[in-house]
Amino acid sequence: MPDGPVHVQGEVVATKRVGGYRHLTLTAPGVPERFRAGNFVALTADGHVARRAFWVHRVRASSAFGPTLDVVMETRGSGTAWLAAQPVGAKVAITGPLGRPFALPKDAVSCLLVGEGYAAAPLFPLAERLRERGCSVSLAVSAPDEAHLLSALEARRSARAVTVLTADGSVGVRGTVADHVGDLVGRSDADVVYAAGPHHVLHAVAAAAESAGAWSQVAVESPTPCGTGLCHGCPLPVVGEDGVDRVVRACTEGPVVRGDRVRWASL
Amino acid sequence: MSAQVPGPVMVAAGCGGTGRELEPFSGHAGLAGLDLVTRSLTLDPRPGGPGPRVAEVPGGLVNAVGLPNPGLGHFLATELPWLVRAGVRVHVSIAGATMGEYAELAGRLSTAPGVAGLEVNVGAPDEAGAGLFEVREPYHAASVVAAVRREFPADRPLLAKLRPDVSRIVEGARACHEAGATAIVVGNAVPAAFADGRPGGLSGPAIATIALRCVATVRDALPAVPTIGCGGVHDVTSARAYLDAGASAVQVGTALLHDPTTVARLRASLSTPPSADTPEETA
Amino acid sequence: MSAQVPGPVMVAAGCGGTGRELEPFSGHAGLAGLDLVTRSLTLDPRPGGPGPRVAEVPGGLVNAVGLPNPGLGHFLATELPWLVRAGVRVHVSIAGATMGEYAELAGRLSTAPGVAGLEVNVGAPDEAGAGLFEVREPYHAASVVAAVRREFPADRPLLAKLRPDVSRIVEGARACHEAGATAIVVGNAVPAAFADGRPGGLSGPAIATIALRCVATVRDALPAVPTIGCGGVHDVTSARAYLDAGASAVQVGTALLHDPTTVARLRASLSTPPSADTPEETA
Amino acid sequence: MPDGPVHVQGEVVATKRVGGYRHLTLTAPGVPERFRAGNFVALTADGHVARRAFWVHRVRASSAFGPTLDVVMETRGSGTAWLAAQPVGAKVAITGPLGRPFALPKDAVSCLLVGEGYAAAPLFPLAERLRERGCSVSLAVSAPDEAHLLSALEARRSARAVTVLTADGSVGVRGTVADHVGDLVGRSDADVVYAAGPHHVLHAVAAAAESAGAWSQVAVESPTPCGTGLCHGCPLPVVGEDGVDRVVRACTEGPVVRGDRVRWASL
């Protein structure tokens, strides 16, 4: 399979409301085949010039419709409203897979995966990959409330331990990632911490990893007007390996970057 | 030998990434022969402006990207060689705070191997905010063109990119052409504001009719001056409107951000003249 | 006593028919108190241009209506009395081929019963094509304003409507204000072309960010000059963007063609200040 | 019921493909109640600034959904494509009833109604009204082919004679309105001829009526960007009662006008 993303006409083959989210299953010839955990896809919403980015939650190598991918969508504005309303059979232009995926450790180390809301989506395929490599995987899924919690049921196959956090305590442990991430890093004895969620969550995770001497890989969600590296519209302030401040493209040099490289205060 | 106008389809400045990012979307032909205008390069590296840099509005985008670029030196050392190897016809867009900077950029680019041509960015939607040389009157643009033309071989195209401002475009096009511009790129993002009043530039289908008016106006007033239409080109119909109005070529910007295969498709469609029995692709 | 700036919501010139057509869509308040700018009136009747006069484009319309109007005399005899009876605050838009025509229009309107104010149209998107006085430089607009102001009582508002051209708007606004304009209407259809190259003006949401940039620029440069934002207003959010950028009022044009109830809804929403707990209507 | 149009949120309550057309049934509170034959409605197509005009084909005073109206839609560009694809339950902004309706004769005269393609739609409710007034009604429906012919079955209740014309002869008499309208006017002995269709059809009808000494009322279909009289974007060149050339608004002073008043050559 050649490298790099493709731009294709996809089709909705399943759509399902789960709690506060819409799960869409799409065909997108070439995209599932190229996918690695942490990649995202850009979808076209009718009448909108900018693209809409979504984490790939899972891919199926084959189904009745051929290879498919799933995204988990929260309705925010008119673009997600349109996309989430697309019925089975609707055509949607898809570009992907996009962005740098999560870097996988060479050795069978101990890993903690932390995801907030829909952004936990890319951690599920990551957990599978890590498990295949013999890593010990702990997973923490967090959300404001139960409706916005991705079900961790299927993750129990890949994860040694699963922690559920809700801000309102409606299910699992009450509290936020910031409240618990120090503990989680310690308890899991993580060598690498992976995280996906809003900036403040990632910042908390990166800080906790750093103080525990662990690596962190964070999947940053900044607005990505094109998603393909063409517009430079997605500035991500980082510190380079050389110690020099830089601004890179979140969609191309990211979205997954080392947590200790992000200049959180400039975000 | 005088320089040839590139085209008929070009990638507009700042909408093709570093060029490499287009490769996966360039179809069988690949990047070979693609007329690509780079993002505007300055002498020194620029990080670009803070976010949000781009906002979506009806029919287009407002952007204040702030000309992020690695500076001329880094570009020459790393990006240019890759593009040349890939067969891209590289038109380097240059931007400066002074006439001297434009001249220095042009001088250094004149000896860099593989530079097909230059484009002078003299109509940015927020020159003051971007710290660029301010083009208030058409002769300001023309003096930049003259300074650049002195440094850059006459057999290679030099494009002058002007704002789609109908009340000045004829004077600007005439002055820049007389100063040595091979063709006038008629169109840039139109001065606009984000919802909070911050300055930016409006691009995309929303502005197509604005730049088209300017192209037609230049064609009527200055039939001998070649123009390149830029603004809102996104399909064969919108490209042909410019060609029919007298443009020699079109540049595609925002449409690439919406669908990165746009230029590959337009190159395929516009390289052959339209025929009555093969329906053209429209979007 | 100096004139008050109308608003906060006005019907833009040429987008409210003869005024009567808005009545069925004006809600409980009816037309009473509505600040309506008439279509631009000329001394003599004008049939307007040939069709197609309006084309739809992404995010907006291109129009070349050609100022169809029954001429001042017929307007004064038939349309004005009806509007006055309905309680409309009638701002008559005037357009002329010469300064003398503007002055004559203003003089006759100064004595017509029920004229709330005047608006001088000095920034049409195709003045030459429409046979209007051409405003090439800001002082041309200002001299029209001065000529009109001499004929029209100082206690009634005189609006000067300028093109949303950021490179001239400050100079134009300053000059027109000094010449006696009560407020500057910042925005008109932007010079554009139909797909076949024919001149027209672009209006609607596509141009909102362009006029907004001009309003913010005038606010920064001339904080004491009242402005009225015009271009792409279609909901509370787009109206508030202008008010937040310093405009005293907004005019609504194209949105009325899309939804004739727009002005009624905006009048209802904008007459009360926004509050944190009542969500505003957006579209 | 107060006069004048309303602008309301309508809802698709039925959608049906019939031959080359889509028949949509819509609720539109206040519109059916105000309708007179020859009125049209303006619909909003998502993402489009200009409105789309459609003849009202029929109104039902009451149905399971309350009063409804029907339009017959031919897909032309993206606006009609969007509208025709709206499923039951979809919301559509509707303005109407718009325009001057057909003028009805005071006496029980003989009337010929001629409609081309979907534009025959407004003639059906007109036929009913005329019949109620005791007029003798002849109806001619015409189309390029059978798929674009409005079924005249229900009209047989109101019309004394129904003629079907198709250009390709696939059904009824082969030929166009221009070919047959002279005959039809003569055969029906019409005092008034009503017509709806493209300009060239209306022109032919107006000419035939004039030479037979009959009145004609033609429903003109010119592009109507707003439909409500606000934009003056729908010029219709006419000769006034005073013999002076004028340009009126097709949507407001029309769409139904006297055929002998239209300056066809200037259209």
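So that you can tell them apart, the chains are marked A, B, C and D in the order they are listed, and the count of residues begins at 1 in each.
Throughout what follows, a contact is a pair of C-beta atoms (placed from the backbone, for glycine too) under 8 Å apart; a residue touches a chain by one contact, two chains touch by 3 or more.
None of the values given here were measured: they were computed from a predicted structure.
Both subunit B and subunit C are touched by no common chain. Here the CA centre of subunit A is 49 Å from the CA centre of subunit C.
Centre-to-centre spacing of subunit C and subunit D amounts to 35 Å, using the average Cα coordinate of each chain. We define each chain's centre as the mean of its Cα atoms; on that basis subunit A and subunit D are separated by 55 Å.
Residue positions 59-60, 204-205 of subunit C each touch two or more of the other chains.
If you sketch which chains touch which, the chains form one closed loop in which each chain touches exactly two neighbours. Which chains touch which is summed up as A-B, A-D, B-C, C-D. Chain contact summary for the complex, subunit D toward subunit A: residues 46-47. The touching residues of subunit C, when paired with subunit D in their complex, are 14-18, 20-25, 39, 47-54, 56, 59-61, 63, 65, 68, 204-205, 254, 256-261.
Here subunit D touches subunit C in the complex through residues 3-7, 44, 48-51, 93, 95, 222-223, 225-226, 228-235, 245-247, 252, going by the rule given at the top. By the touch rule above, subunit B contacts subunit C in their complex via residues 57-60, 62, 136, 165-168, 190-197, 199-200, 202, 204-210, 212-213, 216, 232, 237, 241, 244-245.
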